[in-house]
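Lettered A, B and C in written order, each chain numbered from 1.
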Amino acid sequence: MNIKALEASTLYGILLPVLLLVLVMAVNVGPVDIDLGKAIQDWLDDQTTIESLILFDIRLPRSLLAMLIGATLGLAGASLQGLLRNPLAEPGIIGISNGAALGAVIVFYYGIAGIAWFLLPLGGLIGALVAMIIIFLLVGQNRSIITLILAGIAINAIGGAFIALALNFAESPYAMQEIVFWLLGSVSNRSVNELYIAMPFMLVGWGMMLYCGRFLNALTLGEETAKSMGFNVARMRLVLILGVTASVGAAVSVAGNIGFIGLVVPHLIRPFVAYEPRRLLLSSAITGAILLLTADIVVQILSDNGEMKLGVITALVGAPFFLFLILKSRNVLQ
Amino acid sequence: MSLLSGHGIDYRIDSIQILEAIDIRVDAGELIGLIGPNGAGKSSLLRLLTGVEACTQGEVRFDDQPLGQISAGLRAQRMGYLVQGAMAYWPFRVDKVIELGRIPYQKWWQQVSSDDQEIVEEAMTKTETLAYRNRIVTTLSGGEQTLVMLARIFATQPDLIFADEPVAALDPYHQLHVMEILRSHAAAKRAAIVVLHDLSLAARFCDRLYLLNHGRLHCSGSVSEVLTRENIAEVYGVDSQIVCNEKGVSVTSLSRISDHHP
Amino acid sequence: MLMKPYCLCFTALLLVSATLFAGEKPQRIVSIGLCTDQLLLMLAEREQIASLSVWAKDENMSYMIDAVGEIPLNNSSVEEIILYQPDLVVASQFAAWDTAKFLRQLGYEVKQIPTARSIEDIYALLRQFGEWTGNQKRAEAMIRTMQQELREISERYAERPTKTVIVYSPNGFTIGANTLENDLFAHAGYVNLAAEMGIEGFKPIALESLIAADPDVLQVDRTLSRADSLATAYMGHPALEKMIEHREYLDIPTRLRICAGPMITEAIENMARRR
């Protein structure tokens, strides 16, 4: 099937309005029926009413958070796939997300988070970075898809085990049940506080990843050629990795490990940007935001008191997609 | 003054001596050939000359400036490097691949401009790749891909082109085509330095040759000075026949020399 | 001469009736749960208690914490319990059912108190506990005191208006109809909006629904709030903070309302007073 690439103006002309539409739908869904017009009016009049409270303190922060996290995951997926030149690379599959969750769990449950606001997302960053370093050590020079996936399986298993361990020994009596949140992810009951904590790291991370766009394009021709085009390959690689770990670390630290967005999104968009890694970055960010927001809408429709975790929906869609990808590239794997 | 020169180049990796005491020079208008048996260090030398790797000892100068003092960005604009087996990882369209050649001139937020696109057109004309500008590069034949990669380099408008075995897997038609393109690039007051295995091609197209063996310079000079039966026997270990006439030069390997140690 | 056989008979009768009487009252009672801890400390004689659960010393949960003293504590594990050689083990019905089953299999006497869903249930529970531990009189006295206190509370605050209330606890749970808390609210002059919305038992409620219900009073136990748990992070949500800003919230200590017993009258008094 030949999908024709789109001009930037057409592509964003479609994606941005869809994002806006989905955002409006997202703040419209919830267990209580409220009049959005009244809510906005009350807010403008500086009145705290039921409607304004629900819209601006509960639904909007939640939806914005879902949007930013979806964008982060989409962007990180596109970045990793560009860097590793491997279409199956994604923060969840290669174990970065679990690493971030481990870092966040240690900070949150052992009394470190309260010391300063940035320690929680920083814990996520460090956890993600450690996972990334281990991946590079395991994979070495080997570019094959299988090696990367195997390394990812190992990191995910180890990360999951340590998360369970950390929760087991935590003082809080609720810790163990909360493992579901960390491993599956959720934005329910997250407020502006979480938005404020995660945003700085996410924005910086985005900047770093977008900065590497040209580099990823040059990398299409190989590392040597990229070097000859004037890039300090080692330095650019470091900038990209820091960008990925900072943004994913922050996202996971406030919403847990939401999987598969970084895998599915670049795949969907790639044909529309003619496979250009640089163009893939921003468009994956926007599409990731759209997808995660949609998933959150589905979650809210299916369970009206936030029982279902967001990661369940993304897994239900993403896992079969992953399977399909593996089957499609079976020849390559031989 | 030479465009590019290297003095006393030494290159060592993990205490293995790859290159020793190499002196080399490329002047404007020249097409230089780097020849020698497998493992002689030709590709390594090329990498050192482009600045992608650094010498352990010795110095490379470009336009009479030490290579290390020229910024990577400037080097990227003045030099074009065609790596061995150059290929695109993602299935880009041909004109998009060639556009990558403009990267050394773009800031990280900039898009391809109309000036850039004109230069890309020129590059495609030079390499006769206009016909498949809309094809996906990974669907092209080996020869066509090499032409596209060359076009990418031309889009950068470099002074000096480095090519590592550009014609190794190509059919005779494309072999001649690529060498002609490099020849005409050099002729226009620029230069090119090419690693080659095919001695006939080297003889026919290069102005001067450097013959490497075991990381050392065996000899250098004009084609007739370097490509002698004795040199070829000593370095390659084959008995050869060299025929020169007005149609061209051809070097034919006849038989292996029995007590040669490669 | 005739006195000797009479004395002998009489002493024998005394001894027999003493042992019979002593045999009725368990002497080494082990409690393996918070609520049976409370009941033991309130209804039983100190010598009867062999061990209480570790929860008896929990500052937030144990009403009778000051009465514990030197009584040994157990972690509700079967090995520890057996060491005390109990003649009676008491527990809540839901709390330690597999421990209870195991102990019964080993031949120990295990009695479990049911979950009280109303104040009437509490009276029945107290009576039953009195019977098991041989302290029926004390139990009856306690019941009478409770009934008296409840009457007094009702009269004292009769003039004040009824208020609507919702409970919000860790993980977003609320308390609905058919629960003890619900009955407490009724006795304290409150209408539990969760019950009005049709919620039964302990169920989660969406924060939005909570806000939309717009109760006069919100009951949140701040003592349970901790920085290192997502469950209690619910209670720190800005929307909830704003809601609390605009209305009162009821902070009834957990130890007053978590177990069935006479302390609930104190809880009811607290609630009624705040109306």
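The definition used in the following text is that contacts are C-beta pairs under 8 Å (C-beta built on N, C-alpha and C of every residue); 3 or more make two chains touch, one makes a residue touch a chain.
For clarity, every value in this text was computed on a predicted model and none was experimentally measured.
**Q** What's the chain with its C-alpha centre farthest out from subunit B?
**A** Ranked by distance of C-alpha centres from subunit B, the top chain is C.
**Q** Taking the mean of all protein CA atoms as the centre, name the chain whose own CA mean is closest to it.
**A** Minimum centroid-to-centroid distance belongs to A.
**Q** Where the CA atoms of subunit A average out and where those of subunit C average out, how many Å apart are those spots?
**A** Roughly 46 Å, centre to centre.
**Q** From the mean C-alpha coordinate of subunit A to that of subunit B, what's the distance rounded to whole Å?
**A** Roughly 43 Å, centre to centre.
**Q** Would you kindly tell me how far, in whole Å, the mean C-alpha position of subunit C lies from that of subunit B?
**A** 88
**Q** What residues on subunit C touch subunit A, complex-wise?
**A** Within the complex, subunit C touches subunit A at residues 170-172, 204-209, 211-212, 214, 226-234, 236-239, 242-243, 246.
**Q** Enumerate the contact residues on subunit A facing subunit B in the complex.
**A** By the definition above, subunit A touches subunit B via 5, 85, 211, 213-214, 217-222, 224-225, 227-232, 274-277.
**Q** Touching residues of subunit A toward subunit C in the complex: what are they?
**A** Against subunit C, subunit A makes touches at 30-32, 34, 48, 50, 53-54, 57-59, 108-111, 113-114, 170-175, 177-178, 181, 189, 191-193, 304-307.
**Q** Inside the complex, what are the residues of subunit B that reach subunit A?
**A** 47, 50-52, 71-73, 75-77, 79-81, 83, 86-93, 96-97, 100, 103-104, 106, 108, 149, 152, 156
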